[in-house]
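One structure coming up, written as structure tokens, with questions to follow.
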Amino acid sequence: MNPNQLKQLFDDVRRRKLSPDEAVEKLRHLPFEDLGFANVDHHRALRAGMPEVIFGPGKTPEQVTEIFVRLAQGENNVLATRVSPEQARAVRRRLRKAEFHEAAHALTLTQETTVYGKGNIAVVSAGTSDIPVAEEAVVTAQIMGNDVQHVYDVGVAGIHRLLARRDLLARARVIVVCAGMEGALPSVVGGLVGVPVIAVPTSVGYGASYNGIAALLGMLNSCASNVTVVNIDNGFGAGYVASLINRLP
Amino acid sequence: MNPNQLKQLFDDVRRRKLSPDEAVEKLRHLPFEDLGFANVDHHRALRAGMPEVIFGPGKTPEQVTEIFVRLAQGENNVLATRVSPEQARAVRRRLRKAEFHEAAHALTLTQETTVYGKGNIAVVSAGTSDIPVAEEAVVTAQIMGNDVQHVYDVGVAGIHRLLARRDLLARARVIVVCAGMEGALPSVVGGLVGVPVIAVPTSVGYGASYNGIAALLGMLNSCASNVTVVNIDNGFGAGYVASLINRLP
Amino acid sequence: MNPNQLKQLFDDVRRRKLSPDEAVEKLRHLPFEDLGFANVDHHRALRAGMPEVIFGPGKTPEQVTEIFVRLAQGENNVLATRVSPEQARAVRRRLRKAEFHEAAHALTLTQETTVYGKGNIAVVSAGTSDIPVAEEAVVTAQIMGNDVQHVYDVGVAGIHRLLARRDLLARARVIVVCAGMEGALPSVVGGLVGVPVIAVPTSVGYGASYNGIAALLGMLNSCASNVTVVNIDNGFGAGYVASLINRLP
Amino acid sequence: MNPNQLKQLFDDVRRRKLSPDEAVEKLRHLPFEDLGFANVDHHRALRAGMPEVIFGPGKTPEQVTEIFVRLAQGENNVLATRVSPEQARAVRRRLRKAEFHEAAHALTLTQETTVYGKGNIAVVSAGTSDIPVAEEAVVTAQIMGNDVQHVYDVGVAGIHRLLARRDLLARARVIVVCAGMEGALPSVVGGLVGVPVIAVPTSVGYGASYNGIAALLGMLNSCASNVTVVNIDNGFGAGYVASLINRLP
Amino acid sequence: MNPNQLKQLFDDVRRRKLSPDEAVEKLRHLPFEDLGFANVDHHRALRAGMPEVIFGPGKTPEQVTEIFVRLAQGENNVLATRVSPEQARAVRRRLRKAEFHEAAHALTLTQETTVYGKGNIAVVSAGTSDIPVAEEAVVTAQIMGNDVQHVYDVGVAGIHRLLARRDLLARARVIVVCAGMEGALPSVVGGLVGVPVIAVPTSVGYGASYNGIAALLGMLNSCASNVTVVNIDNGFGAGYVASLINRLP
Amino acid sequence: MNPNQLKQLFDDVRRRKLSPDEAVEKLRHLPFEDLGFANVDHHRALRAGMPEVIFGPGKTPEQVTEIFVRLAQGENNVLATRVSPEQARAVRRRLRKAEFHEAAHALTLTQETTVYGKGNIAVVSAGTSDIPVAEEAVVTAQIMGNDVQHVYDVGVAGIHRLLARRDLLARARVIVVCAGMEGALPSVVGGLVGVPVIAVPTSVGYGASYNGIAALLGMLNSCASNVTVVNIDNGFGAGYVASLINRLP
Amino acid sequence: MNPNQLKQLFDDVRRRKLSPDEAVEKLRHLPFEDLGFANVDHHRALRAGMPEVIFGPGKTPEQVTEIFVRLAQGENNVLATRVSPEQARAVRRRLRKAEFHEAAHALTLTQETTVYGKGNIAVVSAGTSDIPVAEEAVVTAQIMGNDVQHVYDVGVAGIHRLLARRDLLARARVIVVCAGMEGALPSVVGGLVGVPVIAVPTSVGYGASYNGIAALLGMLNSCASNVTVVNIDNGFGAGYVASLINRLP
Amino acid sequence: MNPNQLKQLFDDVRRRKLSPDEAVEKLRHLPFEDLGFANVDHHRALRAGMPEVIFGPGKTPEQVTEIFVRLAQGENNVLATRVSPEQARAVRRRLRKAEFHEAAHALTLTQETTVYGKGNIAVVSAGTSDIPVAEEAVVTAQIMGNDVQHVYDVGVAGIHRLLARRDLLARARVIVVCAGMEGALPSVVGGLVGVPVIAVPTSVGYGASYNGIAALLGMLNSCASNVTVVNIDNGFGAGYVASLINRLP
């Protein structure tokens, strides 16, 4: 039931085609979610600057292309994550402006360049193997209208490398930290700054790392109070939440 | 917004105190869930014969008593599960008609005796240690208006004991099977009948039973296709779903 | 020992070829399971409308074909689950009437079209990736003689999509809900209806979803009391139990 | 080496008591962390409005009292979490102004009442058993200078209860959601709003809830992209991060 | 249906009170397991020398006493495992001849002293903390009519202690090995002998021993091919199976 | 030090080339394991009829062939387990008499045909997918000189199939039971017989079977006291231990 | 067979009471481990300075006292770990010189004060709650003759506290690091030094720390290559190995 | 800020271009880690004889080659671990002197042959399948300047094989023990020697070995006090720590 239909209902009451009781009854049996779409609109307002997002795995290059092209017809930016080179090539054959971020395994289409972020987002990774996850966070935050800086390969076993970049960390409004193996980096970073830190465990490691469990548990038990955690390898989620935080007025 | 208020809105439109546009706007900004209560009423109709339920653990005897007495003021039956003898005594001091089922650790107040069930529910347990969970299912199904029969201590290591009760199983419309340790009984029962079997893993066992994990996994992997599973020791849930199934028209 | 042989035994007693004691002794040493076949027959009555079922994985296309064709010689419907396109092609080369359900990875042969279900079965899925499991439930329920309706892509993070389909849910006699990731959908659906809900965790997700463990645990701990659970990705089992429930007289 | 000492070094060079080479050498062998204390000061600036925090478990009432009283001598607010009634009584015997929050198991001393938060923080709980964790988040956020609103007992199995409070959620700048059992509430809340949601799994539940693992995994796998997660029962951490987010300029 | 009833059936046929067809029909609907009791008798023959067994935990001293006394009225030996001193005292007040084995937490009544075992059973334990489990195996094997020898405190970190007892091991017909912590002893013992070794993981240890998981996994992965495993702390089961093996003719 | 060298030592003493003290000293510093070889010989006596065993995985066809041919030069039977068709072909090109057991993935060379077993070994499997593991047990027991009978596809969900083969089970001296999924079969078989049952969990199943964990835990928690367990899919180990038991004099 | 008996054997050969062949045969059947005792002596030499060790849990105060007093009669130092105050009091009533280390839950008797360690051992702890485990390592290393220094409360979330103590770390020959929660400290310490680091996960934490699993996994996956790990809370083991390393010549 | 720049600062003060206060301020805002490089130099001294290390997995042959060649330009030895034959070939095409250790999957370049180790390192493996991990430890220890001896295929099920090599073990200054399956070997070795033992669990095994978990847990729970543990399959780490221990002065 869209507003027009709703107005019709009131018109009918006014014109006495319907008694108030009949109108109540009629309204009562309407799917209330139609009214709810108003709320969705309101909600959509909140979503200004949010990209349309496609999750690549399990889709054929054709399917990714079809969805990507359809979403590109709106005015939002478009982001496809965990995209294979084949999927990327297929989309770019149709949409030359789409950009493939190889390290991030991400494909973006930038149609809106408003800067929504109020400050910088820093994305930190412990090792070079964590970079794909970190880059996914970077690309996500950028497509959502943020200034992003990255600090890579500053794992805790060489703490001076991290300390050397402390100024960059100190300037960030929110920080994403990606780490595999023991997942200790978010605690150290969290202790150096006074802003929210979003920790991303990565599946980097072998043996008792159990594809990221060790890092995940480490981060959940961080002794730094400003750390929250997202799913293993979920660079997108970290970049997304960091963007939401950074755009808070 | 209750129906009366809603009717007032339409009256106002009819009386031209409000234009249709104003009414639409007003309605639009109402919390739609108020309309939703109509659905709740409808839903409540489905809930006829459903008991009011209290979960005992973590509440003082006084708290259990207070909630129990308040719920008893409605017309529904009342069921309190995982009730300690102390909690039961406290309630019964106020409500003499409340009945304590010691084996089931359950307290009931029967205010309605309609039989909602279309057939029998059979509750089966593997060992004597599983009886408390089984009795919780029995009491739940009874307070929800079902004829319930139980078959206890028919574990799979003495298969003849189970086979000797096959007629009782064959007469049931739905069967609840409680078992700890290896949790194999639901598969065997499931193979003997053609009706739904609800499996309840119990925390009975020691060592590698891991408080019911072994039984839970066994039941989830049942080779009998008519078996579904509820949480460990969740006799209440099994009795509840069995009642829903048994009352299907 | 079939009934004829058994009758012969009694005839021999009647004709005094055997004394009652001799007959008792003879009967005693017979494998009792031969008598048991009577029970199987009785059991088989319960199984009217049950399909013959083949589990595809680990079988060559030739093996699937051979079994499928043999089962097709009976009068029952035939259902093969988790069938690869190759297996499906091999069967259909021999049995043109066999139908391949690509999304469900299922192959069916419909030889009987009796409607056994007393009402509708609703099959709900959280995301598009859960559809193969949901479709397996749909195909299973259909081949077992049920009217099935499906509601897809109504995950809990966009609750209005689910609420918009509440009427369809309200009309169902039993509901199957398939969800991966956090597996929250069955709880929400369970709270909206008063009928049994069968939850199917799917292996959809990554990282800490652990191939369906997160969803499985979530469903076992559902705060909705009308939810029971089957194994991860077990759409067949859910459709099967839903059919048993729906055919209860 | 404090700034005075450092200045002395330069003075010595200026006065030619030390050659530049000697000074470099001397500086080189100083523990660089002394310079680092300047950073700590800078860092401390960031910490304005941060409470001093005591973790109660494993400490005697005397130890808690001693630490609490000492911290109270600064100008910051003081917060003790997971405090037993005995510990609280012991502290309050010495510091009458300390306030015990029974439901939150927290003890606070308010010495500074600056409002640091830019907007509202909403704290949501699924069931009544989750309230202690939720209250810990509330108390933490309040002592850190935030306006906090709470919405309790709005679990997903009765979705209308949550929807009825949607306006309150829509007004929040950041939301904390506490849930045990299947931990589904953060996904639903996350889908209703466009702000960061911090999910706190609680150890509420039994059987396969495994003291919060089910809820934890559910939240990590949330299909809502604006959800991050803290440790099981870590209401403090959630309130702390929510405060950091809410105070971002 | 006992044999007498069955004979009556044949008598009725002989006397033409029943036609053969009627008899077949009647027999057909009888619970076949009644015939099955003949098999039970046969099975019971196999059970000669098997003790009646009571599992102590979860029973009141009165319940243990009642069951123990009733079982004592048969001719079999009686064994109660995991019996507390209180339970033992209660039984012995009624049955002076019952013997309490304090280390084994077991209570026995010896009414039959036949030696069923064909050879020796050796029971080996790694540490002194494993002795209660080992003693349970010893008592079980003794009450089942076996010569039992024990070798305690011969853990693998002092391999010479084990090697010094190799002769005793070499004389055994079957060996039970109890070990906690890393559970390595069964592999070493298994490599020294050519007879079956039954490994019992114990819950002895701390930290990453996880109450016997480490030992259990170690034993399941034994590189000695003659090792089988029972549940954690299941000394009874090991003694029982060892007895079955030792009595094989 | 071989026996000849040892005799030389005594000769030297006799011939007074060495004093007894010198001889003691010399002996003392000898690696005692040389004496130990005597024990190995003794041990080897116990190993009469034991096959030489090769574990196939991780070896090239050439490596398997080389080892197999070398072992074939002794007088023992030779058994290679988990052998691929390629490995088998390579061996058989060199040793025509080697026999490949396709279902068991095993390759055997029979050079000795003594029957060491005193009775029958029964090998039981729950489903057809468990047959490869069961066949590995069969082949192992046969090559070790046993009469073996198998009973396949008698899972607990169709209990009459198992009961129909009860006579065969009753005649066995030891029984191997292979089952995946819920792993319930050993408990039922264990309850039907009075001999040792060796349970082999198989990795058959999907979802929450976790490659055999469900079956393994089920078997460890068997309520039948005559069940011991080996590693997942370890048909060889079960056949080996069954052979040791069956050859006990 | 002790050396005297062995000499007797050679005497008999010399005196021709035994032929060399008979002597070889006799020697062959002797338990070789008697000769092995010589090795034990040799081994004991290695054990110079090793304390006698008692593990307190599960022993009565009387048992601890009895063992402690008996061991005190040798010349070695004596160490009892995980000792309760009651156990300590009981021992000290008999042995006034025994010293109770309250924080370490350890009881020591120093009878030998040789310094075996070649350098310093540093014991580091992340939080104050980790101190009992750290102190157990300290006491163990001291009683084994080492100079020990400790650095407590230098967790990674306040990295400057650790860096401020870098000199002390740089002077150590081997370092023990105790940490609970995320267990990140060993990686950071490992990166700062070039000597072996022994990591001790502690059970400090709550929720997803799982009594030390998070810390254990973190340490096993340390990105610092000089880290090895002992069991959770195993301060004794860490102190013991550190001592072995520190005494290497 | 390198030393030259630092000296410039002091020069400026001396030349009165800067006042001491200005210099303090300037120094204060410098990234202190630049001073820290002095510490790194010091640290580097400790690192004498440490190889440059490359971790092969996830890198293309070209990337490995590029890094290897660059590191080879220094004076240190170079070690690449987990290198595929393709990666090795690519490197060796550029650097003929690089040596591929096939069993160890390692590639080394020896540019420095100083013996840093003070004694022998023994590397022990339980089975032949553990050899790749053991060889990684051997190659690592050799490239770091140690004399290494290995003892392979001495698993605990044939204990005489290990005892026969006891002399070699007794001569080692530190021992690395690699074992999969039940991981029992380190405990036995640890009991035979008085030096540090570094245990390496390997992923060798199947079923309940869970890719090394069984071995890992076994080793963490070792009853030998001189055992520490590294990650599953981490032969490099074990060889590295053994080298650090062995070079202690």
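For clarity, chains are labelled A, B, C, D, E, F, G and H in written order, and residue numbers in each chain start from 1.
The rule we apply is simple: a contact is a pair of C-beta atoms (placed from the backbone, for glycine too) under 8 Å apart; a residue touches a chain by one contact, two chains touch by 3 or more.
Because the structure is predicted, anything quoted here is derived from the model rather than measured.
Traced through touching neighbours, the fewest hops from chain A to chain H number 1. Chains that count as touching both chain F and chain G, per the definition above, are E, H.
Averaged C-alpha coordinates put the centre of chain B at 39 Å from the centre of chain D.
A separation of 50 Å divides the Cα centre of chain B from that of chain F. Between the CA-based centres of chain D and chain E the separation comes to 55 Å, rounded to the whole angstrom.
Counting partners per residue, chain F has 32-33, 36, 39, 163, 166, 192, 207-209, 213, 216, 220-221, 231-232 as the residues that reach two or more other chains. Pairs of chains in mutual contact: A-B, A-C, A-D, A-G, A-H, B-C, B-D, B-E, B-F, C-D, C-E, C-F, D-G, D-H, E-F, E-G, E-H, F-G, F-H, G-H. Considering their complex, residues 31-34, 36-37, 39-40, 58, 201, 203, 212-213, 216, 231-234 of chain C touch chain F.
Note for the complex: chain E touches chain C at residues 3, 6-7, 10-11, 13-14, 16, 20-21, 23-24, 27-28, 32-33, 35-36, 38-39.
Residues 129, 160, 163-164, 166-167, 206-209 of chain F are the ones touching chain C in the complex. Within the complex formed with chain A, the chain D residues making contact are 39, 42-43, 46-47, 50, 53, 118-119, 166, 170, 173-174, 192-196, 198, 216, 220-221, 225-232, 236-238, 240-241, 244-245, 248-249.
Residue ranges on chain B touching chain F, taken from their complex, read 126-127, 155-159, 163, 180-184, 187-188, 190-192, 205, 207-210, 213-215, 217-224.
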